[in-house]
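First chain A sits with chain B, and in the next complex the same chain sits with chain C.
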Partner chain A sequence: MKKQILVNDNLIEWQENLTINKILKIMNYSFKMLVIKVDGELIKKDEYGTKIVSENADVKIIHLISGG
Partner chain B sequence: MINIIIDGKKIEVEKGTTILEAAKKLNIIIPALCDREVVKAYGACRLCVVDVNDGNEIKMVTSCNYLINKEIEVFMQSERVRKTRKMLLEMMLSRWPNVPMIKQFAAEYGVIKPRMIHPLVDYSENACILCGLCVNACSEMVWEDIIGFAGRGENRRVVMPFEKHYEACIGCSTCANICPTGAIYMTDIPNKPADEKRIDKFGMKITEEMTLMDDEQCDMRGVGTAHLTQIMNDYDLLPTTNYRFGSHKEAGKLHSDVFKAKFTQGLPDGCWLGCTMSCAKSIDNYELKSGPYKGQKVLVDGPEYETVAGCGANLGIFNPEFVIEANFYCDTYGIDTISFATGLAFVMECFENGILDKEKTGDLELNFGNEEAAMEILHQMGRGDGFGIIVGQGIRRMKKIFTEKNDLTDEQIQFMQDIGMEAKGLEYSEYVTKESLAMQGGYGLALKGAQHDEAWLIFMDMVNNQIPTFADKAEALHYFPMFRTWFGLMGLCKLPWNDVEPADNAENDEPAKIPGHVEGYVNFFSAMTGKEIDKHELIRQSERVYNFQRVFNFRLGYGNRESDRIPYRSAGPVTNEEYESRAERYDKQLIEKWNYDIEGKTSKEKRDFLRKMREEDYQKLCDAVYNRRGWDDNGVPTIEKMREIGMDLPEVVEVLKRA
Partner chain C sequence: MKNLEADFFSKHDPKIIPIIRNATIGIAGAGGLGSNVAVTLARVGIGKLIIADFDKIEPSNLNRQQYFIEQIGEPKVIALLENLKQINPFSKYQIHHIKLDENNISSIYKDVDIIVEAFDKAEMKKMLIETWIAEFPEKPIIAASGLAGYGMTELIHTKKFDNLYICGDEITKLNDDISPMAPRVGIVANMQANLVLELLLHQLPDVISKQSHELL
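Take a look at the complex of A and B:
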């Protein structure tokens, strides 16, 4: 069985050395005003490239509102 | 990374860090009068001097603007350093003996009374100490150069050009807010706010956020709302050829970088004096290719996102020059770019589906992507002739006119109802809502018609999955329309609320509401009027007006369930082509959400079932929203609700008795 994580309640295939930046790329999330939590823990912007997400993690990538 | 030593303590810093920044990380305090994160280090006061051993020599430098590029050792408290600071402070104290921050630093270095009196001694507690923060803030934070230094040596002073009042000053108060001594202060004579300082504090917070974070967040100063085009395309939300699709391979041609290269104006006072978000952009010397001003070079105000998406992708025209020209002529003729674009997109789809033909359009081939014909329609609308007279009446009337004048089948009439993107007679603005039920409500339930400015919920709903239940969506469709109505009540722009966010916003329980800014607006109201309110009263103020407007709509035959109806394209795929373009998404939903067996089913069968489900969901959403807002089953505010919010005026009750 494939290893997975949840991203905004969507099941996504997990891979080795999966960083937040990689998840953003996989999901094609290009919007910048985000609040990201992994298993409830807030991830700061300067950790997006270094924080490794483990399998079965519950990742919330909350997009804020922008525009008129 | 570079290893350095500060007073014996080791620290690793990034190349380019200043010594002052590194010291702060070690909680070492260096005295400085002109150090602020929001402006570049300037080295004006020189109190931050330190000794640096760079391997070759020991030299004295100002720590605020010394960039660390190699391993160094820093001495903060060497005898030479302390002696220099003491001498500087004695000289400052001799000139500005009563400025509190100078007195405090001087006392720390044992200087209580200077040995001399400066010839230009200023005994004011609020004396200007020539730190230069105001000059740099005006230039770097506000993008203006209203004030600057004049004179040299003891004659150095902060002035406006030629030492006269400079009318270009927009009164943003940034200089006053950053001034450490109070030498510059603002007086708001026209508005007479109850508490100016409290207002300034909130304004300065936004200005600081814009200075520090806008480049990484929305780039409002750089491109304005046009930054959204590529984002909407990435999320399948950019309306393409009358909202059939949400992205297009040629969308890159409308990328904000393309417009950024054309923008010649992006001044801080672009649309409102003193606003440092400065999102209004302009293009100078654009040479028009068509119309009554053909060949003339003009200034074009914009374009903003809605104009780019509407006049570009939604018409199947991926040419930025067309967008700019359409923007100019819409403004010149007094036509809304959104209604023009969405209306014409409807016409183009009717043309491609045989509801219209060249005979009916005055020989114009109104296919998607036909720039020349699209521009001709705009000129006809402006002149009031040809087929433009009909297009200019908007989608709701066009549907009626086409039904009456053209020999259409029932199927064609239904198709027009499905693809005519209007609600309450107003054309949709430029977002694809098919995958966000809450946003369908955002458009359909908005009082003025299909506009997104009451509630933009697509990310919360479709991307974040934050509001999965009908009750969740209804709560969002209560809070956000009420909150955003308040900006209209106050005459305030809402972009500073949500197009820049505080650095600590992520740490709040409800980051989507941007609580730090809500608190700011509450403070703004209280400080301006002298009447203390809280965030609940803010919503209550809107509720009174919002419900009154709904009753007004009801009196005119609009404020009810029927008027909240939306065209089906807002909720789902109208054609097989649309279904099949996103078949994986729709098939998955049919199976997982509704246990529908797709085996052997045609696209039309699947599409019909999906439509039934989504239309039912929209009605359930209306039920939930009406309930949350205190309205009856037909979407009319109840007399009890009006009583609760203090709006049970006799005339209002009289209207509601007819419900």
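Take a look at the complex of A and C:
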């Protein structure tokens, strides 16, 4: 069975050394202002290139848009 | 005045009155979202609102914000306090004419049960959400994202991420053609206010997650 993670409820294939930046690329997300949680834990922007996402992780990427 | 206060609450279910009168809700920003959330929560009769904003009222704000012509130029929080007292003088209002940042959020809002994110700029939304999750992970934060333009009511939704809730369509960007307008800003602000009530009145955590899960 393939190893997977959930990104905003979409199943995607897990790979070795999977970072947040790689996930953003795979998902084709180009948004700038994001709040990201992995298994409920907040990931700060300076960790996007270094934080390794483990298999079966539940990743939530929330896109914040100006207007109010 | 005492009779007026009793009459003010006479349409509420008596069971909910002690809960809403004991609640303290934070509102971060007093523009399109914040002024509308504040007016709705004042009408509901929430016991105390804590509202912070650094801005002054400009004529262009009147297209969606709960202010009046004669208030142009006043700090928003000062004008909002006047308006809230006209609607419901029986609740407490604490206002802060200040620009919120990572360093003052926790002291201003430490006593709230729930905070409502009501900023205009995406970077401020992100700053508040990240600060809140770090400082008060156990307290709900209700944010808004994607509410510009008009129509497309059916795209507006609420999503739950642990104690972070997002109201809006999560897609509509501001640009020269798409600006925030009263109907959609009002809808999203009132969704935020409605969720405040829902969280206050369904205080069992498992009921909250069960109910909210059905929204996703």
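For the reader, a short list of remarks on this structure follows.
Operating definition for what follows: the second predicted complex is superposed on the first by the 65 of 68 C-alpha atoms of A that agree within 3 Å, B and C clash if a C-alpha of one lies under 4 Å from a C-alpha of the other, contacts with A are read in each partner's own complex, and residues count from 1 in each chain.
Convention: a contact is a pair of C-beta atoms (placed from the backbone, for glycine too) under 8 Å apart; a residue touches a chain by one contact, two chains touch by 3 or more.
Note that the coordinates shown come from a computational prediction; the quantities given were computed from them, not determined experimentally.
In the superposed pair of complexes, A:S30 makes contact with chain B only, with no contact to chain C.
By the touch criterion defined above, A:N17 lies against neither chain B nor chain C after alignment on the C-alpha atoms of chain A.
Looking at the shared chain after the overlay, A:G40 reaches chain C, while chain B stays out of its contact range.
Touch criterion met: A:S66 reaches chain B and chain C at once.
Set against each other, chain B and chain C touch different numbers of residues in chain A, with B touching more.
Contacts of chain A with chain B, set against its contacts with chain C after fitting on chain A, overlap at residues 9, 32-33, 35, 42, 44, 60, 62-68.
Per the touch definition, chain A reaches chain C in the complex via residues 9, 32-35, 37, 40, 42, 44, 60, 62-68. Of all the residues in chain B, the ones that touch chain A in their complex are 216-218, 225, 228, 230-231, 234-235, 304-306, 452-453, 456-457, 459-460, 463-466, 494-495, 498-499, 501, 505-507, 511-512, 514. Residues of chain A touching chain B in their complex: 8-10, 28-33, 35-36, 42, 44, 60-68.
Partner chain A is touched in their complex by these residues of chain C: 29, 31-34, 118-123, 125-126, 129-130, 133-134, 143-148, 159, 161-162, 164, 166, 168, 170-174, 180, 185, 216.
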